[in-house]
Amino acid sequence: MTDNVTLMVGLPGQGMHLHLDALSLLFLCILAPQVLASAVAGMRFSVTFWVFVFGMVLALAAGDAFTLIFGFELMSAASWLLVLRGDQRPATLYITIAIFSSACLIPAVFLPASSIAFVLIALGTGAKAGLAPLHSWLPKAHPAPPAGVSALMSGGMVKIALYVLIRYAFIVLTGAAQPWWGVVLIVAGIASVVIGALRAMLETEMKTMLACSTVEHVGLIAVGLGIALRAKAMGDPALTAVALQAALLCAVAHGLFKPLLFLGAGEVKHATGTTSLNWLGGLMRGQPRLGALMLLGAAGMAALPLGPGFAPEFLLLHAVIAAAATGGILARIGFTFALAALGLGAALALGAAVRLIGIGFLGRPRSLHAASAEDARRGPLFGMGLLAVLMLPVALVPGQVLAAMMPVVTLLAPQAEIHLLSYTPLPLILLAFLIATATGFILHRWGVRGTREAAPWNGGFGRAPVWLPFGDPTTQPSATGFAEPVTRAIARGILGKHGTDPAETYLVAPLQRLHLRGVRLAERIRRATIRQRLGVVFAALVMFLLALGLAEGG
Amino acid sequence: MNLTFSLAHLMGGLILLCAFLLLSQRRLAAMITLYQVQALTLSAAAVWQGFAQHEVNLYLTGIITLALKGVLLPIALRQIVLRFNLTRAVESTMPMALSMMLGTGLIGIAVLVVLPSTMSAVSLTREDLAIALSVVLLGLLVMTARRSALAQIIGFLSTENGLVLAAIGMPGMPFVAEFSVALLVLLAFLVVGIFLLRIREHFDTLDITGIEDIERRGR
Amino acid sequence: MLFLLRLIATLLHAAAVFAVAPLLMGAVNKFRAWALGRRGPPFLQPYYELYKHLRKTTLVPETATELFAIWPVAAFLATATAALLVPGFYTGMLTAPTSDFITLIGLLALARAATMLGGLETGFGFGGAAAGREVLFSLFAEAALLVVLLSFVLLAHSITVDGIAVAFATGHIGISVSLGFALAALLAVALTETGRIPTDNPAGHLELAMVHEALTLEYSGRFLLLLQYTAMLRLLLWMDLIGTIFFPFAMAQADSILTWPAGLVLWLIKLGIMAALLPLFEISTAKMRIFRVPEFLGAAMLLGILAGVFLFVAARIGS
Amino acid sequence: MILLPIILPFLAAIVLGVIGTPVRGAIANAALSLVVFLLTIAAFTAPGSGLIHADSLGLLFGALTGFIAFTTSLANIGYVRGAEPRLTPPLWRLYHALCQVVLGATLLGLYADNIGLLWASVEIATIAATLAVSLPRTASALEAAWKYFILGGVGIALALFGTMLVYLAAQPALGPGLNAMSFIQLSSHAAWMDGALLTLAFVFILFGYGTKAALVPLHGWLPDAYAEGPAPLTTALSSPMLNLALIAILRFRHLMQANVASGGTAMPPGPFLIVLGLASLLLVGFSLSRRRDARRFFGFSSIEHSGIAIFAFGIGGPAAIFGGLLHMLLQTLIKSALFIALIRAAALRGSTAPGNYSFSHLRGLIHSNKYTAWLLGGAIFALTGLPPSGLFASEFIIISQTVQRNPWVSAPLAVGLLLCAVAILRNIGPLIFGDAPPHTKPVKAAPEMHLVALHLALVVLLAFAMPGPILHLLSTMSGALQ
């Protein structure tokens, strides 16, 4: 397993080297089910899709910097093409970020182990993974391609970026590690969690909302990694292990439920022609199997207990609480706020998941398309089912899953002390089962079992006209309306009056203005007359000569 | 210092003087005359160097320079002036005084740049190289400082004279005649281009009415 | 032997919790009425009501989906499980290792999610509006809860409710500013979570202002029974939690049978006091506007943060 | 033997200039180019001696030039068929003659072991190219030609001055005579050359050949010349000319570096090259985003790639120079393929006249022809250096070397590459997959498109599975020229 495989193709004269270790195997395991599910769901005929997959696998299996960057960029390029075919508008921003990320990574892999190298790695991988403040492209680009690709981009590609981050931060650069490296990741992660979860709560497009939730989960993973990195640099083996477990398990879980949700969103799109929650509703009636699977995925996304998302969240909160006990007063205050932010994020994620299911799949249809939706096609359902089945071990026996991931943790932090997970779903299920049995017995023994259908109270609105068989959709709260309290109470404070992402306002827009200024300057240069051009050439020549004269004479 | 060197030096100085005076001239006719003087001096210098170095090549260069640059080109240029009615003063992009000052500065730079070189075992002195470089730079300055196309051409011609001056000073340099011919081809194209394209005022505004199928497109 | 004792203790605790929950609600209602100068319903009124719902036919709205029945069951199971995890009068029950505070928060969130989905089920206005508000409340409640939890963990070096109770019961902690802040924050969260004044009015019937009641508007019969019983369990749970953490004195130990009676009695007394204090607080304050609630909970969160910070300062001064 | 591929085009130019109809001229041109291509391959066996004494770098790029000339001339047949009425027969004859002259001059410059001959070849190529640009006889073509001529003329003059200064600098080492103009001799005696003069010479060489290589701020002529001239000659065949100038700069740089390395008084050449390279990269990055004409657009992209190569040479060291040379090699293949595809794309939309290359005119190409659209898209994509384009390998090498040798300049390099790549990529969407103009019908692909596919396949192969001999050749040369 530790052997290198050398390929004859690759960098001229050097070829490519492949190398697998526990870390890359783990991420390959995260990747494999998604690829399978996406392929089954209908992407298997697209060459670009397989190139995309090949790039990701290559990045994971890379044994040298060239192969790593090659695979990484191949992945970006192929996904760019897929985004482009889906929607042209976000493609440019997407590829800008992708190239920016390689432009950071390529220098970083050649720098000696140092803080600069880490900052570059963090910038490069953070941009690709959608870590705040470099995340604003993600909610635009991930929804653009077909659902299978969106699924793989959110569930897989983002993980590849994190894989690179982990590999460099924990293995390659470990000699120069500083505690503040971890702090950088924690701060970025917390910002991602809050912004991602908040936007997920507010977006009405299903896929955009899922992409925002990806930002949130990337933030969670980054917080875990940051704590682990900090703890490792400060020599706290127990905390390192907990935080690493949290991050890795979160990656595993997110790699299962997010593709599932994206595939489901694709099926909703296929059945109704839209993914806007404001036009959906009541899908559970026409698409019961899809709805059930989506419910499972949403439970994971909301990090509810007994779902796949809870164990990582549990570990992460433990890690943050433990980390708050280390370091000085600033660390205490910082981690306390981090904890508050994580709580906020978790509640927002819950709200977003409830909104997804409650507005999209429950209630009454808001359009005829939603009313006439038929159940999902077999391929996507099969893919989603596969992911759902794989979610079970993560949801029910997270301790065993973590035990299987032990080699990765020891690889990343050789001194790590690993404790057993104190969250065990099975006793809880037993407990709930006992209660359910008792309650069921009581209801059965003494209760009246009759049920009768009745018209619900429609809140005092008049009778709906006959052409609206499901009643007037406007008397039903919309996705926007559901989020209205949150919008009024906090979103305007964080996102500004128009609800734009702060990264958009404070990072992308100024850079665009700067670029525009550069373009205008270049245009002025381009419009120069021949004489002015000659003048420039001449001036440059004289400058060079002058520099030469001064350098040699002086 | 023997006669060879001092005479060559003197001629070099004369050429530089002409180049410098070109900067200060406002009228095309005067510029052409100055250029002619420069070219004649150059041909004399070439012949003198040929005599000093016993190189047939240099004689040839001198003769070509004399015939084409000293006689033919000025005639053609004067024709253009007459044909296009360009006798009035030439617009300059900068005040004369400033361009003179810049010119002086350029000569200073040329000297500064050449100073560190060691001219051992070479017949061309450091000063000669500085002169040639100054002439080249001054010619370029004329090209950029003047708005009139013809004046710019004259600047270019002066630059080219500087080149030839440097070439003939090079000890035993092969292909000197070939170089000067090749440069002349360039100059010929330039003058013919001016003539054909009727570039009356600036390089930038070609007056192409009458050539054919005029079609301006946005880029 | 020890295991058997613990098993019995756990079962006893479960029975007590399930039995006492309606009584507690009845007590609160009764005390409230007394405080307002009325006679009030009998203490056992909640039991009658639950029985009444048991005997009623369940109505299912036409516009509801197949999952209509799932939500009350899920909410009930999650809350009931959580209620069993919080030690009322025993420490060291069988559920102690799983009584992790974060699991508890998660189970409460699960119950909340199920309730909200139930509110959205029929697709009519009030349920949806109430669910949106519930999300808003939960944002700060959850954040505040986690922050308060931090102080507990730092003091008790344990994150299970049981462990915190044991640590606090030893009395080494003493009374500190931090715990005062934490108590205030926890009370605010508890009031919100149980739907009491000042954030929600359990007795009000104005749909526009309701949150918890509006979510269950379409449920009837045995589903309503489950939901109402869930609300009672939730009240008990929170009181248990506060009582266990802040007043863990003389709690029974599951493995020594002699301490059991005193623990049980003390527990009932604690619950009684809290059931009396709650109406007193409720009648002395007014219900807030919806958008004031985040400020209320935000203040609680800040108190929680201050608790954590003061803890640090205190530790530095002490050492 | 080595003389043949140089002389043949000049002789052929005379013949082509005098007789033949346009289409026959094009076919003859293609046949001759094939012969020249084969001759450039054959030249590997006999690199010549004396004035024309090609080293392996010259031979390699000579063969590349021959190949490009061959494929371009094949594509040219279709171009001429479609564009025949736009020029008179004598002008077509002149056009084909100029094709051969440019080819011959480029080969001469590559094979010459003499700095004077190199200069002459560049001059010939410039004049021929200027004439070619003016051939369409439109106002903008004449303007472009005139611009090209003025700037190119100044450049050539400066290059000559630089050449003479190099000769002068070599006097202490080699004395008067032809020896002091031979690269081989200069290179082996660089240590004894006059460092100060060499530095001065290098500045002029850089400005002279830099004009030809279209480095910022000497680039003004190139976009217009690309946009206005007859397409195959002024665009597809132009990259080899840029290569010629770049290789010339590389050789002179080597002289300086060798002088510095052996304790001479020359200044290290790196900073000069890096400054110009970065200026090119950044200016192009900002200029590209406002271009609406595809040929002008890709003209700017050529400037970018010259900048990258020069930057790589400025970084120095065998690996960076290897990267720079590989970059030139691949970019030449891509760029010529791209222009062949672009001409075909314009033909799909009606006409290959210079006005028909605006992006808005060509948009939604996939609705006209899938094969053409994908290949054109592929070629454009390949320019950005994202994998699987071969340029990824070269850019990777260059960046890695930059980080190792001169880390601070890697930041502007990265910014420049980012800007350029994004500006190029953002056009692919509308151009290939956008909505086509109204009344667009599917058209059959031209056979020339197979050439494009061949080029692109070569680009990938050369970069990622480079044949051993070429690898050996390039690495020895970059080692020798470091």
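So that you can tell them apart, the chains are marked A, B, C and D in the order they are listed, and the count of residues begins at 1 in each.
Note that a contact is a pair of C-beta atoms (placed from the backbone, for glycine too) under 8 Å apart; a residue touches a chain by one contact, two chains touch by 3 or more.
Here the structure is a predicted model, which means the values were calculated and not measured.
Participant: Name whichever of A-B and A-D has more C-beta pairs touching across its two chains.
Facilitator: Top pair by contacting C-beta pairs is A-D.
Participant: If you average the Cα atoms per chain, which one ends up farthest from chain D?
Facilitator: It is C whose centre lies farthest from that of chain D.
Participant: Quick one: report the Å distance separating chain B from chain C, using the average Cα coordinate of each chain.
Facilitator: Their C-alpha centroids are separated by 97 Å.
Participant: Using mean CA coordinates as chain centres, what's the gap between chain A and chain D in Å?
Facilitator: 44
Participant: Give, as an integer number of Å, the spacing between the C-alpha centres of chain B and chain A.
Facilitator: 67
Participant: Report, in whole Å, the distance between the mean C-alpha point of chain C and the mean C-alpha point of chain D.
Facilitator: About 77 Å separates the centre of chain C from that of chain D.
Participant: Taking each residue of chain D in turn, which ones touch at least two of the other chains?
Facilitator: Within chain D, the residues that touch at least two other chains are 146-147, 150, 154, 158, 196, 200.
Participant: Among the residues of chain A, which ones contact at least 2 other chains?
Facilitator: Expected reply: 530, 534, 541, 545, 548, 552.
Participant: Can you identify all of the chain pairs that touch?
Facilitator: Every pair of chains in contact is listed here: A-B, A-C, A-D, B-D.
Participant: Spell out the residues on chain D that touch chain A in their complex, using ranges where they run on.
Facilitator: 146-147, 150-151, 154, 158, 196, 199-200, 203, 206-207, 211, 217-218, 220, 223, 267, 272, 282-283, 285-287, 289-290, 322, 326, 381, 384, 386-388, 392-393, 396-397, 399-400, 402-404, 407, 410, 414-415, 417-419, 421-422, 425-426, 428-430, 433-434, 463-466, 471, 474-475
Participant: Residues of chain B touching chain A in their complex?
Facilitator: Residues 93, 106, 109-110, 112-113, 115-116, 137, 140-141, 143-144, 147, 152, 202-204 of chain B touch chain A in their complex.
Participant: Which residues of chain A touch chain C once you look at their complex with the stated criterion?
Facilitator: It is residues 201, 281-282, 284-285, 288, 291, 295, 302-306, 310, 313-314, 317-318, 321, 324-325, 329, 332-333, 335-337, 339-344, 346-348, 350-351, 353-355, 357-359, 361-364, 422-424, 427-428, 431-432, 435-436, 439, 443, 446-448, 450-459, 461, 470-471, 475-477, 481-486, 488-490 of chain A that touch chain C.
Participant: Using the touch definition up top, name the residues of chain C that touch chain A in the complex.
Facilitator: 54-67, 73, 76-78, 80-81, 84, 95, 97-98, 100, 102-103, 106-107, 109-110, 112-113, 116-117, 119-129, 131-133, 135-136, 138-147, 149-150, 153-154, 159-160, 207, 217-218, 221-222, 226, 290-291, 294, 301, 304-305, 308-309, 312-313
Participant: Provide the residue numbers of chain A that touch chain B in the complex, in ascending order.
Facilitator: That would be residues 529-531, 534-535, 538, 541-542, 545-546, 548-550, 552-553 of chain A.
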